[in-house]
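In the two complexes that follow, chain A is the common piece, with chain B as its partner first and chain C second.
And now, the complex of A and B:
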């Protein structure tokens, strides 16, 4: 069954409260939720006007009811003043109630409409036909105050929710409307962002937000990526480097070739993922769903039961004002019940969880995985590109007599340009960095596992790869004679060692899976404190190992590369992918680490555990609140406080209903602090600071 | 009434979309949900 994207309640597909937007159909529990979704700012303005009318008239009604008691035609004046409050300020409740009845379901609007219209029409009847119940008073004050207080509660809730959604809101705010595009003749034109296309050239000045995903064509600048990756230290971007939308250009002018823009840009994808978090579901929400589905009939039955009880009891005991107490009991019960708080318990927590995660560079693609993340017992790491940086670094170049380092690098680069092997890419990158000329090679042949050869400037060049004793590299021959060699090594990521220690402190088992030889795998595992090692594995073997652990009863987190390890990431209970900075939507995994910081793995587990416990707490609170207050509204405390409590019960009920959703939102907002506090317990501050690399971190 | 393990919808036991795993029957609302479950029954059944 679909859920309301605003309040998270289940809505049957038969409901006519639905809209189609960007290829997806959204269902709503009430008219109010639909309007909020369609136009949040217009809805807020409308709500403010309704609140102004409601409060100004409600205050007059209260004064008439309790202070100017003997004013002539008092009941008629109150009735006339109540009409705009009910049917203008409270119109949303009646519209929502109409739609929910047509769909043969129930929602909060129905309860409010039922409660207020009972109080209003009962009072109007007494006003117009005073002889029917000669001793009865009117309760217009109850009707108007219920509407006013619940609208006020809704207003506070929407303001609090906007704060909860701050991370996503910040992302949306920074998207510039206009950008500077360099046209074919070199002139700079200002264009709307939506008119920019792939292949355009965009000029980005210091202080500008980079509006598109692309690559630097010209210029150099430092770029602050913190809003997207959570990483606080700016990075230098020069010609050829990829830049991401939503990052901030600090101090240089750069020209960017546009690769992705609009809905395909990273900024927009991150925004969409945070926003859709509230529509995700975790299993514990099922308790809330069951409760919601039977809630409305139970409340209406309870309201009728208490009205009938008080009618019979007061009649039998011969007390006055029988009808009024029965009506007030009905109104109080109907108004105090708040299905919205139950519906909101899961979605608002998931939204805050997703928002907190994204501030740390953790992108939750699938909120359902938070539950599995919280139950994890073992973390399996891929090695290359996960525990180590994806590309090897050159550590040493040896040149034969008569040649220098650059000669060797230039010749090797000419041939290696034809290959996509990580070693080849590292050699070409270093030759480019040194500004070396790499003459065009002819007749190049790559033999997997051996190397590459070809002809450069009429001379035969052979590059053979080797990997032994913890080092790898290439030896270069020119015209059959040894010309030199280039040694390379993979560097461990900064936070590998500390993150593994943290995971162990959290009580998790840690294991490593790699395609490397057993000797090499154990050497690296030993360096970072992993005992359980699987080596010489093909990608499909990795997924089988994941299943093996699952069959043994473990809950498995697999951490790997979002493109190459997709099978294992999907098989695991929760897949965490190192972000390649490419297309987020196409990467596998439930969670993507945008800044590739391994200390975000323990943090993700902390987020999972705390989010699930907060959802449970919220559901417990909302269900408990409703279960405890309905009997009070029904009059269970009358033996203690006397029948007069019914004169204030409808107000207290409206206040409680108005604030119950806000209290769920406020409780959820404590999640952010709770996550940081429990992360601090496992990850002392010094452990979070990247460890300076030593030669021991080079892992061959 | 059983619950579709993938989408959380309530489904009737006479639904045409069912899977057997470890001696238990799992019910689905659609072919899509059944397909997702069958891809990795171990993960999706718990």
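And now, the complex of A and C:
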């Protein structure tokens, strides 16, 4: 069932109160919540006004209560001043209590409403009917200060939460509302982003944020992708290259063909994943679930029990003011209890963890996997496309006498254009990069495992592929005569060696799974420091190997390609996928490395370990706080400090409740620094900087 | 058979069904589903409380549930429950009988 994004109430999908925004439907419990959602700035202004009213009147009430004690009609003045604080500034608590009662549940609003209305109506009764309890005093100050302090705590908490979610908020803020669309006749029109469709052409000038996912149709520019991938070095984008929404066009004008826009865009998917992080679950949250579900009835029972106890005890011992103390004990207990701190302990930490991860190009699709990451004992790597770049690179072109490199490349490209083999793609890409003419080929035939042949300009061209002794390549024959050869290699990713060294330093075992021959697999593994190798594996074998490790008691992280290794990524305890730049939502894996930087694997594990530790800390704090302070509010310390402590307990309770959720949020915010500090222990600065490639990095 | 507990493997985890629970089930299908309750505070950051509800009988709908058969017993469960037991490697879960019905002890949600 969907929840109201403002008050968190469950709302049936049949509700008429819903809006569609950026491709997503939001449901609301009331028109008020819908208005708040649609104009959050107006809501913040309203909250500030409520706080101003609350503080200015609360100060006057306190002065009257403790300084101007003999002022005529003091109680009446206090009562009149308390009314706006309770029923204007504190109206949200009463509305929340009404909604929660209607839903037959309980929440903090119910506790605040109960506590403040008890203090207020008891005092109002004493004021209006002073002869009923002749010696009793009034406690309007407690009622107004509870509202004021909790409201202040809530305000600080919402500001802190906004800071905690700043990375996600930045993602949404940068996208322009209007974009420049090139129409069919070549004229440039300004159009709202929501009116742009797949297939449109968008003009992006220097300094503009790229508003859509697409590909460059014309122009060249450097693009800063740091907001999406965490990669600080700008990337050159030219015709045919893919561009991502949310990246920044630095210095050239480019025309982009729109592939995805709105809710389908990468930027929006990243934003949605960060936002949904708080819905994830880790095992330790079970404690919070149990506490939260029984909390409200237990607190109300405890409050009633302390009120009854003090009433009976003081009556039996012949003390005065029995009703007053009983009321104050009840008010203090319901006000000091803070279910929110328990409810927030897990989600806010997961949100911050997800936000910090995304800043580093790590996208958490499933925050529940953080716990399994933190327990990992072995990391299994796929080879091609994971430890190495996905496509081979041309390392050498040898031309027969009378021909040059470009002749060989041009002929090979003409034929290879018909093939989808990675070697063929690399040859065509290089020919295109050099601007070579690739004449149209006829009668092309591809023989799997052998090569391609065809007719170009009336001559027969034969391309034979080979892969042996750690090298791959093609030999080119024109009219049956040797014309030359092209050698290719898969290059190791920049951070492969340092990341594996870091993982070993962290106490993890590292293994490689590949479809390559044993000889080739061991050669590559030796270069990057992996001892455990599984070679000649089919995709289905990989998943079996993952299960085998799990049966042996290992917690397995599998790092592979988000599309091709989906079974292994799902089987592993935590699957980390290299970002393919395709639709993020369709990629498998719990975690996606948007920048394909392998040093983010140890960082992900560090994030997992620290996040789980922080969730435990927060739940421990929230549960401990409530367990310790509820008995204090109930008067367990009265034998030590005397009955006079009841006069300040409601204030202390309000202060504690107001700040308890904020302290959980603030503690969670320390997670960011903690992660970076822990990462620094395993990953010294020089190890984080990509190492310059050497010839040794070419792996065949 | 009903005087001995049985263990049903669920992926990488397991549920131990206690003898009293087996008596209560009495050969009927077991349906394990998830119930969601609103969290305790008043904004969307607060967690939704999840509870597992266990029922033995033929009246609970089984659409969209996964089924596991073991020792002549069929257990239908929500995908969230299956994934939590499997991915969480929870192997100390016990299905017990109480005065009010069946309960799953020791289970935690993981996503």
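Note that in this section the second predicted complex is superposed on the first by the 658 of 700 C-alpha atoms of A that agree within 3 Å, B and C clash if a C-alpha of one lies under 4 Å from a C-alpha of the other, contacts with A are read in each partner's own complex, and residues count from 1 in each chain.
By definition in this document, contacts are C-beta pairs under 8 Å (C-beta built on N, C-alpha and C of every residue); 3 or more make two chains touch, one makes a residue touch a chain.
Computed from a predicted structure; not experimentally measured.
Engineer: With the two complexes superposed on chain A, say which partner A:105 touches: chain B (first), chain C (second), both, or neither.
Structural biologist: Touch partner of A:105: chain C, not chain B.
Engineer: Where does A:286 make contact in the superposed view: on chain B (first), on chain C (second), on both, or on neither?
Structural biologist: It touches chain B and chain C both.
Engineer: Which partner does A:573 contact after superposing on A: first (chain B), second (chain C), both, neither?
Structural biologist: The answer is both, since A:573 touches chain B and chain C.
Engineer: Look at the residues of chain A and decide whether chain B or chain C touches more of them.
Structural biologist: Comparing touch counts on chain A for chain B and chain C gives C.
Engineer: Taking the superposition on A as described, I'd like to know which of chain B and chain C A:550 touches: first, second, both or neither.
Structural biologist: both
Engineer: Once the shared chain is lined up, is A:347 touching chain B (first), chain C (second), both, or neither of them?
Structural biologist: second
Engineer: Show me the chain A residues, by the header's touch rule, that chain B contacts in one structure and chain C contacts in the other.
Structural biologist: In chain A, positions 1, 281, 283, 285-286, 289, 372, 550, 573 sit in both the chain B and chain C interfaces.
Engineer: Quick check on the complex: what are the chain A residues that touch chain C?
Structural biologist: So the residues of chain A in touch with chain C come to 1, 3-10, 92, 96, 100, 103, 105-109, 161, 278-286, 288-289, 292-293, 295-296, 339-340, 342-344, 346-348, 351, 366-369, 371-372, 550, 573, 661.
Engineer: Can you check the complex and tell me which residues of chain C touch chain A?
Structural biologist: Touch residues, chain C against chain A: 12, 36-51, 84, 87-88, 107-111.
Engineer: Given the complex with chain B, which residues does chain A contribute to the contact?
Structural biologist: Counting only chain A, the residues touching chain B are 1, 281, 283, 285-286, 289, 372, 547, 550-551, 570-573.
Engineer: Which residues, counting only chain B, touch chain A once they are in their complex?
Structural biologist: 3, 8-10, 39-40, 42-43
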